[in-house]
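Next up: some structures, all given as structure tokens.
In the two complexes below, chain A is the common chain; its partner is chain B in one and chain C in the other.
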Partner chain A sequence: MYVAVKGGERAIKNAHAWLAEERRGDPSVADLSVAQIREQLALAVDRVMAEGSLYDPDLAALAIKQARGDLIEAIFLIRAYRTTLPRLGASRPVDTGVMACDRRISATFKDVPGGQVLGPTFDYTHRLLDFMLAAEGEVMPAPQAEPCDAPMPRITGFLDRDGLIGQEAPSDDPPPDLTREPLEFPADRALRLQALTRGDEGFVLGMAYSTQRGYGRNHPFVGELRVGMVAVEMEIPELGFAVEIGEVVLTECETVNQFTGSKTEPPQFTRGYGLAFGHSERKAISMALVDRALRWEELGEDNVGAPAQDAEFVLAHADNIQASGFLEHIKLPHYVDFQSELELVRRIRAEAAATSAVRAVAE
Partner chain B sequence: MSCIDTRKEWMGLLARAPAGLLAELCAGLGSEPGFAWLRPPETGGVMLRGRMGGTGAPFNLGEMTVTRCALRLVDGGAVGHAHVQGRDRDKARRAALIDALMQTARAEECRDRVLVPLSTQMEQQRQARAARAAATRVEFFTMVRGED
Partner chain C sequence: MTETDQYNFAYLDEHTKRMIRRALLKALAIPGYQVPFASREMPMPYGWGTGGVQVTASVLTPNDSLKVIDQGADDTTNAVSIRRFFQKTAGVSTTTRTTEASVIQTRHRIPEDPLREGQILVYQVPIPEPLRFLEPRETETRKMHALEEYGLMHVKLYEDIARHGEIATAYAYPVKVEGRYVMDPSPIPKFDNPKMEMAAIQLFGAGREQRIYAVPPHTRVVSLDFEDHPFEARKGGLSCALCGSEESYLDEVIVDDAGGRMFVCSDTDHCEGRRSQACTEAEG
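Our next item is the complex of A and B:
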């Protein structure tokens, strides 16, 4: 039961005023601009875009500022804003095969056509705090080399050509959209991928890690990881043709996993797939591992009861806005709920006390 | 440099253009021609799609902000459309105006003063990233380990 309670307006108003002041911090320290967040906290911006499910770096940076750096709160702000936008349409599926790659690596083949390109990575850094960053110094420009315009074909394409990996069935059917229809189970792979790409990075990482530790192990190799810019094209009905409407940075991970096969089909590798907004490697790799774990049924594997194989468990708990909404609501007033429980427990105690008093008299 | 010969190509270029650069280049065309809105700028979301495994069936990846508009030039009545990434109404208006002007006698002027410099600068930026990426390409070499 909900009962409206009045009061607290002044306290709430003053709390929000104080929040604004705390957000600003020490006024003798320069104010942080949205552009500074967008440019210098770019990976936080990417995470807010991926889990907020809206690609707009300026809005994500503003949300991070407003949320005082609480990324889940920032994601909440983006999700709320997103619901106010009219849907103008859907893009054509992006072609990550022609991505302008900042980074492209393969853990399965050393000598891949197009090469191994490390890009701006934390990998191979020593994870030692760099106190030089505390002293504001100029950054040296990064070295450059002659750009190589050779195409970077998909690694899985080579395996595919030889029939060594399961094929992706080509299709152009419009996919289901969980922002339009509530997520229901069983969820097909398109829905699972949509839920995973906007899912909480920490949750998806934990699920992926659980498969590596043996809860539904699927022996993944990172066949390929690529990060870079892809063009977004949309069909414009008024024009009767498709035009590019922008470009986005995406991270894509294709895993090559252990085999399936049967009496009629020779064994072949299987795939997991991750694709996320921005430079989000941990997310994309985690997504690929969980995608692969959730495919147990279509690949004819046993359900060993691992959490990462349970689509309902994974997808219903991956969304950090749903989760934190339900979790955090319990800190809001529940006075009446609690009052009823309090009365109940007092009555039970009184009854128990009365019963034992009667028993004592009887003895 | 990307091609700008067809309407599809110049519309794509305008959509991807940095708003500041587009404004700067459009200023070079003098005062804006008179126009009437067919559809005033409207910001909305476009659902981006990817493909499973990069090549398979499509799935929904998430939305992106897009601003669209359509206008008709007072002089001659050419219609310009724009669907541009982001929430910048001015950018959408400029993109639609250039699209309209490209269908008029001022096409050559628009190409020289706006589209070509836009394309050149954006290509330079792309090359600057590609050059940095190329410098991080791994050159493997094999260590020869002699046993004797």
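Our next item is the complex of A and C:
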């Protein structure tokens, strides 16, 4: 006998209680603290801050804990929290040129003023499992050098001086805000960069990779990659000057791309730009490549029909919160739609069967 | 402090509500036109009714009585979840009775009982653009709407007839509103399409796609068809196993391992109403 699906409310409540229990795991194993996540899973925290569009390592760590390590779920928690926060104002543009760099490398010049600083990187490590970590061995402190106070001017500045790289038109227009206005096309570069920096790392990586494999190739060199702390300043109207309200860690990537010239421009290098919260190199480099691919129109290049050149395609599908929500909604009941399809298919099949029966008799 | 105090009434802040209400007014002024709005991230996933929830949050007043249905039923899990959300954040009274509700949020169905003036029906919409699967580009489809260029849609419907002998769209069947805009009625079965000419206000919210549209009361809503292939809101000629209704839309339920089936009303309130009425009549 059919039992009407009642008790949805109790089922939901119990499912959530079970989830809480699963999240905690075996109670005989020590509970993971938010501080431990913040300190020891720092790159996960950085990704959640970047794609959650909220710079708060403690909240990001909490979200990771609550989400059982599912980073997209954690990003979702951060986004849902962020959207409720009041807007007090906008900071001044941060100056990454005076960033206190932990890491700064250029792939275009062997040496540059300020030097090549490797910083804490996975690059050149051998990816061998370190069983010492499983044995909870303590880490030896890294050797320390004197702090380097030399300025680290932007690499693209040197190319700029020689007129070898395309000029970007300066603008004091307030940039559009993706989180306060609906995304509409065509999207200008500021809006595209905004969408890319909060876009899914995997998606942006895939798009960037596709350009490297020939789908809208744009010959990128990492002109510079820098990771470090920058000051955030805000104009306080009552004071009439800007005050520093905090610091954020950013990863910035400027790519230098070949450009063969167009009807209006002589051959020169062009830029792709990537910027993300935290230490997020893969994201920043990917973003720079995709940014460059999306600039085909303003640079007078051909649209070769590559996915990474298609702003509507890239921007409409980069957001993992939108994507995963819509993807997973197909778990919701669809029996009304399915029933109407079922009836349609049955009817069309019955009609087809009747027609072929008539034809068989006729033959 | 209760949960109702921690958030603004109905969760959204008043500035956001004002922005959404302006979009709603514009939508009502241009029936069937998709108004872009700055959809917010909600504490439930995109695709799970965030558009409908934002619209409901913006029109809800403390005296409202809210009904939430999914697939026609009040007790489906997501309907329960959304109803609880508004109980928590707005503290409004809720009901399962179509006639008693002032605001009804729905996914995939229009209630069987006719709605009256003063009621608001809020639809959750996954893909607001009826032309989307014919033309994936928003820039193109907006142009097509602006120019009232709906040839592509008619070609699609014609091709259906050529291939299957009938229009093979069973739900989200496109409609033309007040003789101007072609509109997606959200994925309701086409059985429900004729109900869209109603006395209540119909509001459509698509959160992920950032669009709001509306059908004001007593607006002409015509399902697209051809003179020689007129639109037909049909359903299988069966009746509900619980209340016996022959007019309502039915869900098919598999009841045993042999694939035995029964059919029951998808609108649970309608079904319960008919059964309790039958009981009363039997007793009386």
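Throughout what follows, the second predicted complex is superposed on the first by the 340 of 363 C-alpha atoms of A that agree within 3 Å, B and C clash if a C-alpha of one lies under 4 Å from a C-alpha of the other, contacts with A are read in each partner's own complex, and residues count from 1 in each chain.
Everything that follows uses one rule, which is that a contact is a pair of C-beta atoms (placed from the backbone, for glycine too) under 8 Å apart; a residue touches a chain by one contact, two chains touch by 3 or more.
As the structure is a computational prediction, the values presented were derived from the model and not from experiment.
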Chain B versus chain C as contact partner of A:P147, first or second or both or neither: first
First, second, both or neither for A:A20, with chain B first and chain C second: neither
Chain B versus chain C as contact partner of A:R82, first or second or both or neither: both
Dominant toucher of chain A (residue count), chain B or chain C: B
Partner chain(s) touched by A:V361 [first = chain B, second = chain C, both, neither]: neither
Partner chain(s) touched by A:L128 [first = chain B, second = chain C, both, neither]: neither
Chain B versus chain C as contact partner of A:A30, first or second or both or neither: neither
First (chain B), second (chain C), both or neither touched by A:V139: neither
Touched partner set for A:H329, first chain B, second chain C, both or neither: second
Which superposed partner A:A50 touches (first chain B, second chain C, both, neither): first
Contacts on chain A seen with chain B and repeated with chain C across the two complexes: 82, 86, 179
Sites on chain C touched by chain A in the complex: 7, 13, 36-43, 45-48, 50, 70-73, 75-81, 84, 107-109, 126, 137-139, 164-166, 168, 170-172, 187-191, 208, 210-211, 235-236, 241, 249-253, 255, 262, 264, 266, 268
Chain A contact footprint on chain B (complex, rising order): 7-8, 11-13, 15-16, 42-66, 68, 70, 81, 83-87, 126-138, 140
Contact footprint of chain C on chain A as seen in their complex: 1-2, 4-9, 11-12, 76, 79-80, 82-84, 86, 179-186, 312, 316, 321-322, 324-329, 332-337, 339-344, 346, 348, 351
Touching residues on chain A, where the partner in the complex is chain B: 49-50, 53-56, 58-59, 82, 85-94, 96-97, 100-103, 110-111, 115-120, 142-148, 154, 156, 168-179, 189-191, 193-194, 197-198, 231-234, 236, 238-239, 241-248, 250, 252, 254, 271, 273, 275, 277
